[in-house]
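Both complexes shown next keep subunit A, but they swap its partner, so subunit B is in the first and subunit C is in the second.
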Partner chain A sequence: MEPAAIEQKDESAPAIRAGGVPVAFAIMLALIAAAPFVTYPLFVMQVLCFALFACAFNLLIGYVGLLSFGHALYFGWASYVCAHTAKVWGLPPELAILTGAAFACGCGIVAGSLAIRRQGIYFAMITLALAQMMYFFALQAKFTGGEDGIQGVPRGKMFGVLDLGNELVMYYVTAAIFLTGFLLIYRIIHSPFGEVLKAIRENEARAISLGYKTDRYKLMAFVLSATLAGVAGATKAIVLQQASLTDVNWPMSGEVVLIALLGGLGTLFGPVLGALIILAMQYKLSSFGEWVLVAQGAIFVLCVLLFRRGIVGEIANFFRIRL
Partner chain B sequence: MSGKYVLETENLTKEFAGFVAVSDVNLKVERGTIHALIGPNGAGKTTCFNLLTKFLTPTRGTIKYNGQDITRLYPADIAQLGVVRSFQISAVFPHLSVLENVRIALQKKRGGSFDFWRPASVLNVYNERARSLISDVGLSAFENTLAVELPYGRKRALEIATTLALDPEMLLLDEPTAGMGHEDIDRIAALIKAVSANRTILMVEHNLSVVSNLSNKITVLTRGRVLAEGDYKTVSENPQVREAYMGTGHA
Partner chain C sequence: MFEFCLPAILGGKCIPSAALFGQLLIGLINGSFYALLSLGLAVIFGMLNIINFAHGAQYMLGAFTAYLLLQLTGLGYWPALVIAPIVVGITGIIVERTMLQWLYKLDHLYGLLLTFGIALILEGVVRNKYGSAGLPYTLPDSLRGGQNLGFMFLPNYRAWVIGASLVVCFGTWFIIERTRLGAYLRAATENPTLVRAFGINVPRMITLTYGFGVALAAFAGVMAAPIYNVSPQMGSELIIVVFAVVVIGGMGSILGAIFTGFGLGVIEGLTKVFFPEASNTVIFVIMAIVLLVRPAGLFGRRA
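Let's look at the complex of A and B:
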């Protein structure tokens, strides 16, 4: 073919540089390793659970462009199932967490199959409606304990050897679960599958015209996201030794949007930083009661108005790196 | 491949709530030609295009590709058969690099890419082919630039490189020179000419000098119907066409 040769007058912005991710990951790893000696392990464990939850949510919104407004369903229900199987069935924690995640996976297949038939706001509304249905089920069902939730979930021994009753052991197990989930998401994003997801996010009609059956890719991403949200919720049930209605209700679906948005949609580390900030704020401001919600609302508005890329997104953009 | 015609439609019709956008169109696209679809605004050209690539479902009529009835297939299936379309608005993946844009199409050779556990580096085998396609359209210096940062004309060049990555038998180009300046138009026209070897091209185009220079055959649509068909000379001398579309002034 005859090359259409043109003088290259490069007027575009500098290219994205590599190397941001390993540095950021090393920093995160160091902070996670040191955190229990600096602050309350229980607080950091919660942050890690929410961070994984937000990372799973971000896999959908940030890398496929799907806004799910019902992710509390997978987080909260995995938490119930995990708590129930650990407490009533006497399953060891690793199996209880897996059962919770498997349940979230099943819910993801059903809800995802229905929701991906629609786009945009309708997609979000279907995910919300299905999540609310399951919320009312959680409210009414016997085994969930209604308003009381499930209390006194035993932590047990992981793999029969790791005594999770020990706060530090519990902490590092939680950290390991978080890191496994985080790295899995990194792998998903940077896989042949992930490349197709990004193409769908960028221009779905074009992806179809290149021969991709985009619905199948979207469903797969939805199920992966729901399952990982389930892992986060189930782990939280073991950590806090309880499962409650809060985790399955719609404000939780909103909170995860806020966390991901504040940190930076479509960034690897954004949801982690977002979870840390939001949970720290809830913790520090807990004595002010409802004012936490006002502060969160203000942050939400500021994010949307001033830094739409989120904190990590703005940093990445400033240094022309990917984070 | 056999048969004189690559793509044939029979009584292709699309109605939108009582309004007939495309009516009884019998289009025959000959193998190895550049076939242009022209007509005034609202003539149904883009609708016709969307029907051919199944982005819309026809109300009536059939579409045959290489003799095979494709009327009931999904858009992604059409692409896999070798009919790939472009869009009126440039269809790139804005926040992927130029290389990544082309690679998405090359990646289709693997079949489905559901392997989320493999590193993306397995796709590096396509880099060489991607670079050669990128250089064919004159974008080598922009390999790592995000598509969104390219000027308009270059986005369209990238789009063509991406489309060619699939090595389609047939290309459907929806207004390939829309919104371009002179310099870009000439470049894209040369590119279309170059890629038409061994391929069949059906394009919707407003720029009549591009149409007259490139196309072997022209079909004129007005109000969803075929008004005239033939080479540029025949069509441009048709009084009905002159009246409906070109006025009388265009030479």
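Let's look at the complex of A and C:
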């Protein structure tokens, strides 16, 4: 059986030109720096959290070919743990975020080592089922506050000096967290480790025959992805000063798939653009009730049927660059 | 009246027999739906190589069709049990012809993503129209009342649900494993090109298989309507559990799917008696254990 891999490349295409990534990165940097003066900082901060979440998810599907349908687990639970440690234990924000991420990392180790025992379609179903299990724990656990979630999380002072109560300071801290995660993912993808991941995506049997213990690589990628998703969720808890059930429930797992798919699976910038579009759409459609759900479903269908490369993937393909 | 007690090592909790049998019955009912839905998933996966994420939404659509038939035309439970699967099955066939058929040559994951999108659309449309509160569906008169079996009270409708799903499940098994049509199906699963060379219209067979799988989901939905409230999210909650059931059983075997579905329903029911707080998660825990012990699933073969 062929290993599950989402193919992005066009074999017959002429050589890919260099220079796409630095230009796109410069544009992104400029937009992030200018955004709080043009639109609501809170909205952009949410976009950045979801962008990091989707980038982490994309590390798994785009570069290892593993579709996780349960990434809400890491995002939502890190958000709960961060909110709890910041509010009840009184940890400063940087430690609260790290605790949340560490918890997501632990969950990633457990869930990842179970899920990589099966391939392809089963992998997706297992991750979804494990996430649903943890959703029920979140629903029943005392500290999560059940349906109410955790409200009124203090933003506090980062490193004791940066007052996150100031919206602009909070914004640039969020931007810095996002950029750190983004560059880390870039580094992972372009490292020898990342090359092995791509080899597993293309042909796992061959990677095994070359002597790579692919299960270890897959687990490592899974844990990295889960941890970064946790960083995103924990940061969101500080930004919005709350953690809620929505973030651990299965529609959130679907949403991150949608963000990455719309932007472009296996592209560096796709998840970022996808997060911007999907969140803007939710914001615009928020007064139309459940039509958000219908719109999301329709985007799924259109993406799968018409442009599987996603928006950034199509742009990159058109200009023969890598993005 | 007598009591059942757990061994001391498990907490030694004691339960009156009526409560135990009552939960066992609920377990069997839930198991019927797990079996019907995982059977449909397995049949569709066998032929189309697609995990039908819309299965839960199509189950919900079956229940809503029954509800609408009653509200708009006055047609009751029995006609709905025939009409709803046909109507929803036809929508399935339309989906297969217009969308799914373009995905067979691609990675399996795209089928999952597309059917997930369809599930969102269906759920969203129904929610817009009817809200997310549950709507009641009244029992047919012919199935009201129940039997006193001495050790417990057995409502007629619940007996009917268990009996009917057993018949449908084993009927499906019989068609696939013991008839000529089933032999074509199994052959086309193994090698579609060769079967086409024998003059059998494989694409049409695939279409009808999807329609049949979807109709099974709708059938389960109609049967569920009088037990649970009819609500837009009734399918999405169920389908995730059914996925876990499918991972536990493996999709390679029809009988395996039926057995796993009923078995897990009963285990879930028993958990509700003895450890109520774990009843939501027990199936997922079992899935984790099975993955550790038998990664290919109870009835699965290693790929």
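Here, the second predicted complex is superposed on the first by the 310 of 323 C-alpha atoms of A that agree within 3 Å, B and C clash if a C-alpha of one lies under 4 Å from a C-alpha of the other, contacts with A are read in each partner's own complex, and residues count from 1 in each chain.
Note that contacts are C-beta pairs under 8 Å (C-beta built on N, C-alpha and C of every residue); 3 or more make two chains touch, one makes a residue touch a chain.
In this text the structure is predicted, and so the values were computed from the model without any measurement.
In the superposition on chain A, contact is made by A:254 with subunit C only, not with subunit B. In the superposed model, A:121 makes contact with subunit C only, not with subunit B. Of the two partner chains placed around the shared chain by superposition, subunit C is the only one that A:132 touches, whereas subunit B remains out of contact.
Of the two partner chains, subunit B is the only one that A:203 touches; subunit C does not reach it. When the two complexes are overlaid on their common chain A, residue A:212 makes contact with subunit B while staying clear of subunit C.
When the two complexes are superposed on chain A, the residues of subunit A that touch both subunit B and subunit C are 1, 4-6. Across the interface of their complex, subunit B is touched by residues 1-6, 8, 10-13, 15-16, 187-188, 190-196, 198-199, 202-203, 205-214, 216-217, 220, 224 of subunit A. Contacts from subunit C toward subunit A in the complex involve residues 45, 51, 99, 102-103, 106-110, 112-114, 116-125, 127-128, 236, 240-241, 243-244, 246-247, 277, 280-281, 284-285, 287-288, 291-292, 295-296, 303.
By the touch criterion given at the top, residues 1, 4-7, 67, 69, 114, 117-122, 124-126, 128-130, 132-133, 136-137, 139-140, 250, 254, 257, 261, 289-301, 303-305, 308 of subunit A touch subunit C in their complex. Within the complex formed with subunit A, the subunit B residues making contact are 53, 55, 74-77, 79-80, 84-87, 91-97, 100, 103-105, 107-108, 110, 112-120, 122-123, 135-138, 140-142, 144-146, 149-151, 157, 162, 166, 187, 190-191, 194-195.
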